[in-house]
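The following pair of complexes shares a single chain, chain A, combined with chain B in the former and chain C in the latter.
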Partner chain A sequence: MSIALFVLRRLGRGILTIWFAVTVTFLLLRLLPGDPALAVASPNMTEEARATLLQQYGLDQPLLTQYVLYLGRLFQGDLGTSFTQSIPVLDVLMERLPWTLLLTATALVLTVVIGIPLGVLAASHKGAFLDRFVQIVGVTGQSLFVPSVGIVLLLVFGLNLGWFPIGGAYTDGVYGGEWYVSVLTHLVLPALSLTLIQLGSYVLTMRATLIDALGDDYVTLAKANGLSPRRILWKHALRNALLPATTLIGLQLGFLVGGAVLTETVFAYPGIGRGIYEAVTQLDFPVLQGAFLLLAVTVVAANTLTDITYGFLDPRVKTS
Partner chain B sequence: MTTPLPESALVDSTPEPSAIGATRASRATWRAFRRMPLGMISLGILVALVLVSVLAPVLAPYPAGYGMDVLRPPSAAHVFGTDALGRDVYGEVVWGTQQSVLVAVAASAIAIAFGTVVAVVGAYVPKLDALISVVVDLTLSLPVLPLMILIAALVGPSTSTIILVVAAFSWPEVTRLVRSQALAVVKLPYVDAARLMTRNHAWIVGRHVVPAVTPVIVVSVVVTASRAVLSAAGLAFLGLGDPTTWSWGRILYEAQQSGAMVSAWWLTLFPSLAILALVLSATLLSIAYNDARNPRNHAR
Partner chain C sequence: MHYRRSMIVGVAAAAALTLSACAPQAPEESGGGSAEAGDATLTIATTTDVVNYNPLIGNSRSDYWITNLMYPHLLSIANDGSKEPQLAEEWGYVDETTGYYEIRDDMTWSDGEKLDAEDVAYTMNAVKKDAPSGTFYGQLANFESAEAVSDTRVEITLTQPDSSIVEEIGFWGNVVPQHVFEPAGSTAEFANDGSDGGWVSAGPYLLTDVQVGQSYTMERVEDYPLVEGGTPIAAKVVYRVFPDVNTEILALQSGEVDVIANALPPAQVEQLRNTDGIEIAEVTGLGYAHMVYNMQNPDLAKVEVRKALAHAADYQAIRDVVLQGQADSTGSSPLMPVLSTYYDDSIEEYEFDTDLSRSLMEDAGYTADAAGMFPVSFRLIYSLQDSVTSQWAQLVKESSAEAGITIELQGTERNTYLAMTNEGDYDIYAGNFAIMDDPVTNFTLSYLPGGAINYTYVDDPELNALIEEASAASDVDEKVEIMQEAAAIVHEQVYDNIMYTQNLYMAYSSDWDGFVSKPSELLSIVNPVSVASAFPVSE
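Moving on, here comes the complex of A and B:
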C-alpha cells in the first residue's frame, strides 16, 4: 500500500470516529427520557427566551432536520453557550484544553520512560523474583482508583512533606521563569497519579510482547552469532516489542482522558476535567456536551497522528 | 480510570469444542484453581464483600442524620472514624459495599448478556460482523467517562441510571473479547456439522457456539464487574452518585466537598481500600482462573 493511501485511510478512519461520537451524542440527547432542550436552554430562562432559543437551535423541527442543523453548527465550532458563564462553550473549553494536554502528555511520557525499563527487567528475568514483583505491581496498578491515588500523593507529598503544591496549576502573581517553575511543580503530583494508574497495563504488555519477541527465530540466530544477551535484548528484541506496546497506549487514550478528569478534580487542576466537575455541580449541560466532543476530537486526532507516524517508522504497519 | 486488561487476563488457549468433556474439564480447572493461593484469597475476599453487602443491615445501622462527634479519627466507638456531619464512616463503607456490589453485578450482567449476544451473532452472521466490529472499535476509542457523565447528569443521578450508563459503555469490551473467540469457534467442523442437522440457527448458536466461548465470558464477567465498580465510583466522586444511597465514591465525594479530604485521612482511606480490595481481587481471580484453565497447569 502506498504511503498516500495509508495516510488517507487513517484520516478517513479518524473522521469516521468523530462522526460516530457526534451522532451518538446527538441521539442520546434527543432519545433519552431527559429534556433534550436542556442541552441548550437553561431551565431558569423565561418561557419566552426559552422558546426563542429552541427555535433558533431548531429544536422544534423533526429529528432529521435537527440532526443536520446539529452537524452544521458543530462544523462551525458552535457548541452552544454555557449556562453559568454566558460565553460560548468553545471559549470556555479552549482556555482549559492546554492544561489537560499538558497533564496527559506528561503522564504518557512518564509512563513510557518508566514502563520500558520495568518491562525489560521483568522479561529478562522471567519467572524470577524481580519478574513476579513487577507483575504484582503491574496488576495492582491496574486496580487503582484514580482519586484514591491522587489523594494519597496529595496527603503525603503535598501536605505532610510539603514538597509540592496541593492544588491548581500555577502560582498567581509570578512572572517569567518563576512562572514556568511554578507550572512544573504544580504538574508533578497530578501527572504522577495519572502515570501510576496507566503504568501497570503498559508494563505488563511490554513484558508479554518482549517475552514473545525473545522467543523469535531472529533472537535464536543472534544468540548463535554470539551477540551478548544485553545487546540482543535492547537492540533487537526491544525494538520489535516497542510497537505493540506503544499501540496499546493509543488504544488507552480514551481511558487516560477519563483518568485526567478525575485527577484534575482531586488537584483542582484547571483543565477540562475540572471544568466537567464544575459543570456537573452547576448542571451546565452545554459544557458537558462540549467537553465530551472536544475530548473525543482530541483523542482521535492524537491517535490518527501516532498511527500515521508509526506507518512512516515501521513499514509493517502499512501492510497489515 | 479503567485500563485495558493485562495480557494474562486475555484469552490464551484454544476453545474447548466438545460439550462432552465439559464437566471433566471444569473439575480439573477447579482442582488446579484450588492450589493457587492468590486465586483462593481473591475468591475469599470477593465472597466476603458479597456477604458484607447482603448482611449490611445487620453489620451497621444506616448512616443518616447528623451526629455530635464531627470528624473524629477512628476509635472504639467509630472504628473508621466519623465524617464532617458526624456520621459513622464504618456504616457508610458497609452500606457502600452493598451499592457497589449491586452496581457491579447488575451492570456487568447487562453488559455481558448484550455483549455476548452481539459478539456471537456477529461471528455467526458475517454480514453483521463488519458493522459490529466497527461500532465496537469506535466506542472503545472514545473517552467514555465524559460521555457517561453527560448522560448521568441529564437523566439525573440514581443507582439505576448508573447501572444502565455503565452497562451501556461496558458491552463493547465484552464483545471484543468474546468475538475473537467466537470467530474461531464458528469455523470449527462441528458447527458445520450442526448446520447440516438443523436450520435452527438460534439452536446452533445457543447449543454449540455459546458453550464454547463460556470461559471467555467467565473472565469478562469478573473484569467487567470490577471496571463497573471503578466507573461507578468515578461518577459518584464527581457528584453523579445516587444522593440517597451510600457508595464508596460518594464518601470520597463528600470528603472532597466538605474540604475534609486533606485533614481527615480516614475519610478517604477506608473507601479507597474497599475499592482496591474489590477490583484487585477480581483481577487476580480472572488471572488465576485463566491459569487454572490451562491444561498444562493441571496435575495428573
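Moving on, here comes the complex of A and C:
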C-alpha cells in the first residue's frame, strides 16, 4: 500500500469516527431523561411557558428533523446557540479550549518525560527492588481517583505549605510577565494531578515492551558483538519499545480529556471539561454537542496523527 | 544543525508573540474613590458560573447574586418573611384589583439615566408579554398590566383579587433599565452579556470584567443611596468560581477569598467555626424540606396510609444526625415558625411511633405478613445532588421498614429527578424549597388543583375554598386565620409532610465585618446592602 493511500484511509476513518461521535452524542443527549426547559426555568413555570421554551430551542421538532437541521448547520460551521447563555456555542467553547489544551498538553508531556525514564529504569532492573517499587507506584497511580488526588495536593501544597494557589488558572489583576508566572503556578497542581493518574499505565507499558525488546534476537546479537548495555538499552531496544508507547500517547489523550472534567472541577480550572460539567447539569444540548464534537475531533486527530506517524516509523503497519 | 537552531529560535519567538497576545493588558488608572469608601476588594466564592446576565431569565444562584448587585428589587425581606422597603418606599392596594408602589426618587442608573416608575412599569409589562423563564414570570399569573402614573408611582392592574401579588412581585422581580432592555427586543431572549458596551447598574456595583470559569469583577457605583453613607465601602467585588465546595473552603482558609456565598454543608459548619480567621454567620432559612405522598397511587390516596408513613419517620433523629442540629421543626406544618405572623403552635409534629403506624395500616385494611411487612411498597425519589436529602431518605427507609412499610429509594441525577417530578413519576417525593416567603402563594402553588408544585395531586374542595378566600382577603388578621385553618387541614390529611426548616451557615474571613444578614441562601450576607456595607477590619 502506498503512503498516500495509507494516509487517505486513516483520514477517512477519522472522519467516519467523528460523524459517528456526532450522531451518537446527538441521540444520547435526547435520550437522557430530563427536560431542558425544566433545567433552565423555575419549577412553577406554566405549561404554556414550557411549550414556548421548547419551541425556542427547536426541541418541539421530530428527532430526525432536529438531526438533519443540526448536521446542516454543522457543515456551515454553526454549532448553534447555548440554551442557557443565549450566545454562540463556538464562543462558549473557544473561551475555555485554550486552558484545557494547556493543561492536557502539559500533563501529556510530563507523563512522557517522566514515564519513559521510569519504565526504562524498571525494565533494566527487572526483578530488583527498583523494578518492584516502580511497579507499585505504577499500579497505585492507576488506582487513584482524580478528585481525591486533587484535594490532597491542594491541602498539602496549597493550604499547608502555601507553595501554590488554591484554584483558578491565573491571578486576577496581574498583568504582563507576572501574569505568565501566575499561569504557571496555577498550572502545577492540576497538571501534576492528571500526570499522577496517567503515569502508571505509561510506565507499566513502557516497562513491559522494553522487557520484550530486551529479549529479542537483535539484542542478543548486539551483546555478542560487545556493545555496551547502556548503548543496547537506549540506542536499540528503547527505539523499538517506543512504538507501542507512541500508540499509548494517542489513546491517553482521550483519558486525559476525560480526566480534565474532574481535574478542572476540583481545581476550579476554567477549561472545557468544567464547561461540560456545567452544561450537563443545565442540559444545555448545543454546548454539550459542541464540546463533544470538539473533543472528538481533537482525540481523532491525535490518534490519526499517531497512526500515520506509526506507519512511517514501522513500515509493516502500512502493508498490513 | 544551523537550520535546526534557527527553527527552534523561530518557533520560540512565535510562541512568545502568541503568548504576549494572550496576556491581559493592565487597565488605565481611573480617578480615586470617595473619601468615606476604601479601596479594598471583597472576594466572594461561588460554585457556579453566571449562566445568564439577564435577571429576568437568570436561574442559577450566581446569576442571582451578581445581577442583584446591579438590578434592584422593589422590596426586600425581613427574617420573619415580612417585606421591607428597597427601591419601593410604600406599597399596597388602591382597590381589590389595583396595586401600587411608591418608589424612591434618588436612584439613577450608572450611565446617568434616572431610574423612575417608567422602568418599573416597563419591566413588569415586558415580563408579562415575553414570558421569560425566570421566577419573576411565575409570579404574574393574576397580573394584567402596570402603568407609571407619575415619576415615582406605579400602579398595577390585576385580573382578579390577589392580596399577595404586590409583595410577591416586589420581592421576586428585579427592575431593569428600559433604555437598555427595550431596544434589545424580547426580554426572554436578550442575553444582556455586556457585548454591546457593557452593563448598566442601579445597584452598589457594576460588572466590568468577566473571565469565564474564573472570575467576575464588579466596580463600585459611587452613588448608592440604599447603603449608609450613600457609597459602597469596598472598591471592588470579585466573584470567584470554585465548583467544588471543598476547594472553596480551602480557598477561604488560605485567604484567597473573603466570603463563601453558598451555605456550608452541615458537616463543615462546626469544623470551620473552630478555625482561626474564619467567622460563621447564621442565616434564617425561609424554606423547608418535605416529603409528599402522591395521591394518584391508590394506597397513598388513603389518609391512614399517609399518616402511617408520616409517623414512621424519626424527624428529630434526622435533624440531629443528618443536619447536625442545624434545623428546626415546623410542627409538620407548612406555616413555619419563622413566619411568625402565620405560625400556629397548636399544630404538632407527627410523632415517631412505628406501633401507631402499624395500627394505622391495619385500620386501612392491610395485614402484615409473617415477617411483619405490609403488602405495600413505595418508590421515593430524590436528587443525588442533594446530599442532605440523600442521607435522610435512607433513614426514612429504615424507620418505615420498622413500621412494616417498604420504601424503595430512587436517587437520580437532578435533571432526571426534575423530569420525574414534573411527570408525577413517584410514590413519595423528597425535596426542599429554598424560599416559601408567602403562605398564600405557597398554598396556591402546592395544594390547589393544577398548582405548579402540587406534587400530592390533592384536590380538596374545603382546602381549595380556604386558599381562594385567603387569596382575596385584604385584612391580615383574617388572612392569618384562614391560612391557619388551611394548614390544619394539610396537617390532618397529610397532604404534605414538612420535616424541617434548615438554618443556614455562611463562612467569611475575620478580616471583614459589617455584613447585613437577610434570610435565605439567595440573600444571606451577599445581598446588595450587605456587600455594600462590608468593610475590612484592618482599615
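Basically, the second predicted complex is superposed on the first by the 265 of 320 C-alpha atoms of A that agree within 3 Å, B and C clash if a C-alpha of one lies under 4 Å from a C-alpha of the other, contacts with A are read in each partner's own complex, and residues count from 1 in each chain.
Just so it is clear, a residue touches a chain if its C-beta (ideal position, glycine included) is under 8 Å from a C-beta of that chain, and two chains touch if they have at least 3 such contacts.
Keep in mind it's a predicted model, so treat the numbers as computed, not measured.
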{"item": "Chain B versus chain C as contact partner of A:L154, first or second or both or neither", "value": "both"}
{"item": "Partner chain in contact with A:Y180 - chain B first, chain C second, else both or neither", "value": "second"}
{"item": "Which of chain B and chain C A:T265 touches, first, second, both or neither", "value": "both"}
{"item": "Which superposed partner A:G138 touches (first chain B, second chain C, both, neither)", "value": "first"}
{"item": "Partner chain in contact with A:D172 - chain B first, chain C second, else both or neither", "value": "second"}
{"item": "Touching partner for A:L32 - first (chain B), second (chain C), both, neither", "value": "both"}
{"item": "Chain B versus chain C as contact partner of A:L283, first or second or both or neither", "value": "both"}
{"item": "First, second, both or neither for A:G254, with chain B first and chain C second", "value": "first"}
{"item": "Those residues of chain A which chain B touches in one complex and chain C touches in the other", "value": "32-34, 38-39, 147, 151, 154-155, 158-159, 166, 265-266, 277, 281, 283"}
{"item": "List of chain B residues in touch with chain A within their complex", "value": "1-8, 134-135, 138-147, 149-151, 153-156, 226, 230, 233-234, 237-240, 252, 256, 261-262, 265, 268, 272, 275-276, 279-280, 282-284, 287"}
{"item": "Residue ranges of chain A touching chain C (in the complex, touch as defined)", "value": "32-35, 37-46, 48-49, 52-53, 56, 84-87, 92, 95-96, 98-99, 147, 150-151, 154-155, 158-159, 162, 165-170, 172-173, 175-176, 179-180, 265-271, 274-275, 277-278, 281-283"}
{"item": "Residues of chain A touching chain B in the complex", "value": "16-17, 20-21, 24-25, 28-29, 32-34, 38-39, 138-140, 142-148, 151-152, 154-155, 158-159, 166, 197-198, 200-201, 204-205, 208, 248, 251-259, 261-262, 265-266, 276-277, 279-281, 283, 285, 288-289, 291-292, 295-296, 299-300, 303"}
{"item": "Interface residues, chain C side, partner chain A - complex", "value": "19, 22-26, 41, 48-49, 51-52, 54, 59, 131, 133-135, 137-138, 141, 188-191, 193, 195, 211-215, 217, 238, 240-244, 246-247, 250-251, 253-254, 256, 385, 412-416, 418-422, 445, 452-453"}
